[in-house]
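You will see two complexes here that share chain A, one where it goes with chain B and one where it goes with chain C.
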Partner chain A sequence: MSEPVYVTGIGVVAPNGLGVKEFWSGTLEGRSGIAPLTRFDSTGYPARLAGQILDFDAAEHLPNRLLPQTDVSTRLAITAADWALRDAAVDQAAMSDYDMGVITSNASGGFQFTHGEFRKLWSQGPQFVSVYESFAWFYAVNTGQISIRHGMRGPGAVLVAEQAGGLDALGHARRTARRGTALVVSGGVDSSFDPWGWLSHLSSGRVSAVPDPDRAYLPFDTAASGYLPGEGGAILVVERADAVARRQAPQVYGEIAGYAATFDPPEGSDRPPGLRRAVELALGDARLRPEDVDVVFADAAGLPELDRAEADAIREIFGPGRVPVTAPKTLTGRLYSGGGPLDVVAALLSIRDGVIPPTWNTTDVSDDHGIDLVLGEPRNRPVSVALVLARGRWGFNAAMVLRGIAGGADSVRV
Partner chain B sequence: MSRRVVITGIGVRAPGGRGTKEFWDLLCSGRSATRTISFFDASPFRSRVAGECDFDAELEGLSPRQIRRMDRATQFAVVCAREAVENSGLDLAVTDPHRIGVSLGSAVAAATSLEREYLVLSDSGRRWLVDREYLSPHMFDYLIPSVMPAEVAWTVGAEGPVTMVSDGCTSGLDAVSYASDLIREGTLDVALTGASDTPITPIVVSCFDAIKATTTLNDEPERASRPFDGTRNGFVLAEGAAMFVLEEYEHARRRGAHVYAEITGYATRCNAYHMTGLKRDGREMAEAIRAALDESRLDPTAVDYVNAHGSGTLQNDRHETAAFKRSLGDHAYRVPVSSIKSMVGHSLGAIGSIEIAACALAIEHGVVPPTANLRTPDPECDLDYVPLTAREQRLDTVLSVGSGFGGFQSAMVLRSAGATV
Partner chain C sequence: MSVMTLDDLRRILVECAGEDDSTAVAGDIADVSFEELGYDSLALMETTARIEQRFGVRLPDDEVLGLTTPGAVLDAVNKAAAGV
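What follows is the complex of A and B.
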């Protein structure tokens, strides 16, 4: 029997709230982080709405030394990790350095930073390229910076699978904890809102061009017109049960009880898509049945055919309307590597507080979907098991099962 | 009984030859395939040598559509994946797609395409803002490069877990270990895994120029990569890829597959020291080596050959030498250690997989590849680095290590089929 692995600390950097408290109150009250882009002059772009983090002052949270060498995404990631470790009351000095690892997901690296360096290279010359470019850009940057900042010398890794990668990172963190590393800092944070990054998002053809912030990203709605990109994400402290007990961690948000990833068959294949199988494998991994699940946090692509495919999978597994489904990411946009981890945070807080946040903005759900999408206002009900789904463009599927711990941290004592 | 993981197929594209056989011939010859950069005018750059591949996508069997949409690194990965499958004799038609996964390593992923599109969008850097009139429909996949493992998955029909591992210069070791984990835990029976990087493009050349990590031995391009040599002054940037068919041992045995080697152990550690700097003591790499041997249930004395990271930077080669002494003790002085980067350069995330291929072939042929261009001893690098000439020797247990920006230190132990069965 594998040792249980718990989440003991959370750090959130989201467009609708910095920190767990702000994010959660915003999510329950419907405070949206969606607005026209202000990071650069977006006049004239065919789509201008995004989930931006506008109240983050890096200098407030990070030493000056780190500012010139980091992209905005890395500043957010380091800060989220700081907050998660503080939340979990981890005393790094009291732990062996090899017993702490860092496993993150990343989708676009330090993109804004590197755009600046491309510009210097081609408008001024190679000698103007920053000495920091070699490591501020690459996808491994957040894991490296977090491990350095906290003296964590256990395993480090970085996974890239578009929006599914964040759950893969948490799944690998659990694997790594079970294989011997007591504590793993894990999750994902992304940001790429400079003109080039924004154009790249638009090139997917999936970004909603609807100009009304409350009507642009409407997953499962009959008016679904695409999604909105967002920035930020969440970093979590993932810890093996024996370590939680030994150091008497102040809280346990829940157990990462199940995880699985699958990949869709190629376009045009007559084989079924892989999301349903990911859910079944994750439930099997958690030794739970569909009827044990109290809420599903949907991937919520916001495109009619993808919403339909997800609704089909949920309906086939749970039965029509048998489980509440929600997508609070309408307030943040899709965060790429940060999306899965932020949904895991929302799921854990639903378990803690017995309340399911609604899918804000979506109002008109097609009956054909056959799902009980939580709409309009939070739904109060006890939640002990939550399922989080994430899909990445081109066929990545990931599913994660979170389970509440009766009695919280007190029940995980030696 | 725990599940075991073996390599049953290999596909390589590296400088100096096309395919696995030419790659191995190059390593045995001790010749170096690095040359003056020909892909663009490198005259304004500090370092102007590289390990370039003469890669012809059309000749490699990619369709015009595939060539248009895939970044160069993706093309390398797909071509190597095909070759690995063919080499393994695995019949994909009778293999359950749900039990096949992909784990692809890459450090800088679509760098080549990013730079090409940047030049289009910014009118060669002359305009302050990028111009959306010229936007490529594939730009999203260069921003977020997880399409790379997706393309490999489509090539082989994988429907199990598919991911990209991007840990900088240890990606090639770490991606294979990730796939190995999935097989060992029972999630997969077969994985297409390996790594690909094609970073010979001005932005990558200039970012290593900026920190003086790459060599300035521009006048002797084929002698510029000289790991462990007293006159070394930086690594030689390169491109390449290697992909493997990894299989659960019983799965391979049942179909009578040829087994190149078993992956018996792996570990990775962060040095938590500096994004580009290395402490001299090699402590974390030594710990990764110790843990990888531990997992293999082997003593340091069992190691017959060490495939070094050996990048040819001043700090790496002495850091690594210290790590070998720290982890292997006296045996470090007796075991042959070599760096194939002396011949194929340093292809960032890809090299870890290319080096695994070298290890598997070294076991297969009983030959230790040499460290080319090692002519001047460095008092701080005082191990047996197999200078200049390959050595015939029976190899049962091989250790391969990698070290990269961000502080990543990884080690993998491979054993011959004969040693483990």
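What follows is the complex of A and C.
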């Protein structure tokens, strides 16, 4: 059997909390990061609500050298990686540089930075465009900056799969650890809240135009009207069990026990969507049965048709109302590549604390869904296995199974 | 006569590529290598693009890559400005 792979460190940058502690208390208390956009004058846009990170001062967290060459998304990603490595008490100097890899996901690149450089291009000319635009725009930039900053010369990769990519990155990090890289920094962070980025969000036709922050994003609710985009995400430290034991990591949040990705059939096909198959494959990968799962963190698209498809998949696999389902992302909006990793964090903390955060704001779940959506307040119950789902536009599906470790880090000592 | 001084260059460097701390580029850095100052070839390209915008002096890219200290950049800029 393959060596288990554990999560040993977490760094969170979320609209409802900077840092794991703030994010988790906010998630359990219902503190929302949803508000009208303030990055630019958004009056006049048909939809204005988003999950913004408003209390992040990059100069406080990053060396001055990195500021001229980084988009806000990269600044958030580098900071989250710093926090994850600190949380895991990783001593980079004590490890071989080729034994540490970086695998992240990104869905939109450095939007705001690029918007600024494009403005220079068309108003002043090409010689005014920053040389740093050459990589600041790029999907791979977070992986690159994190690996340079920490001298991590092991496998470096970036996965792009719209809003499912964050789970794919963590899945690939697990694979990479099993192939021999002791430690992998992995996750996803996105941000694209300049006017151009915002317009790109709106062009999907899936963003809710409801102006009430508590009523705009209501997954599985009879009043579901779309979703809200958010910014941020999570970066995790992922390590093989033997490496965790060897360096005596201070904690183990849980095991990445199973993972799978599938792709939907083309529109008009009579084959079913791929989400159910992703869950079945991920459970098979974890050698678990549906009845072993204690909670499902749903993708929660917030659009009636997509909510129904997800509820169908969950009901068919687990049975009607047989497993608690939740979507705390109503407090942050959908974070693109950051959404899956942030849900993984919430799942691991549910396992740690024996509590399931509710789907804040959703109140009226259609009976047809046949799911036990956790509503209104946190539900206290032991959680040892959690399933996280993510879907991306154009057919991406990903599922990840997290399993608690009885005894935490102490149980993996050599 | 110089069109650009070391202080001008210092300001542009920090503007283009940041600084490690307030003292890193302070003082007489004319003969300290860019490598030692922590500025890479991208930082230098960004800096020379900015010099062109501010001072109207264009240095060819292949010549720029051969300039290893602030003093060498100043020399090149001021010579080019004087038409030498």
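We adopt the following convention: the second predicted complex is superposed on the first by the 414 of 414 C-alpha atoms of A that agree within 3 Å, B and C clash if a C-alpha of one lies under 4 Å from a C-alpha of the other, contacts with A are read in each partner's own complex, and residues count from 1 in each chain.
Everything that follows uses one rule, which is that a contact is a pair of C-beta atoms (placed from the backbone, for glycine too) under 8 Å apart; a residue touches a chain by one contact, two chains touch by 3 or more.
Remember, it's a predicted structure, so these values are computed and weren't measured experimentally.
Once the two complexes are laid over each other on the shared chain, residue contacts for A:Pro357 go to neither chain B nor chain C.
Shared-chain residue A:Ser130: touches chain B and chain C both.
Greater residue coverage of chain A by touch, when chain B is weighed against chain C, goes to B. Once chain A of one complex is fitted onto chain A of the other, the partner contacts of A:Val141 are limited to chain B, with no touch recorded for chain C. In the superposition on chain A, A:Gly254 contacts neither chain B nor chain C. Of the two partner chains placed by the overlay, only chain B lies in contact with A:Trp122; chain C stays clear of it. In the superposed model, A:Pro63 lies in contact with chain C only, and not with chain B. Under the contact criterion defined above, the residues of chain A that touch both chain B in one complex and chain C in the other are 69, 127, 130-131, 134. Only residues 44-46, 97-98, 101-102, 107-109, 114-115, 118-119, 121-122, 124-126, 128-130, 132, 135-140, 142-147, 149-150, 153-154, 157-168, 171, 174, 178, 181, 185, 187, 202-203, 205-211, 213, 267-276, 284, 287, 404-408 of chain B touch chain A when the two sit together in their complex. Here chain A touches chain C in the complex through residues 63-69, 127-128, 130-132, 134, going by the rule given at the top.
Residues 15-21, 38, 42, 45-46, 49, 52-53 of chain C touch chain A in their complex. The residues of chain A lying in touch with chain B in their complex are 45, 69, 97-98, 101-102, 106-108, 111, 114-115, 117-119, 121-123, 125-127, 129-131, 133-135, 137-141, 143-145, 147-148, 150-162, 165, 168, 172, 175, 192, 195-197, 199-205, 260-266, 271, 274, 277, 336, 392-396.
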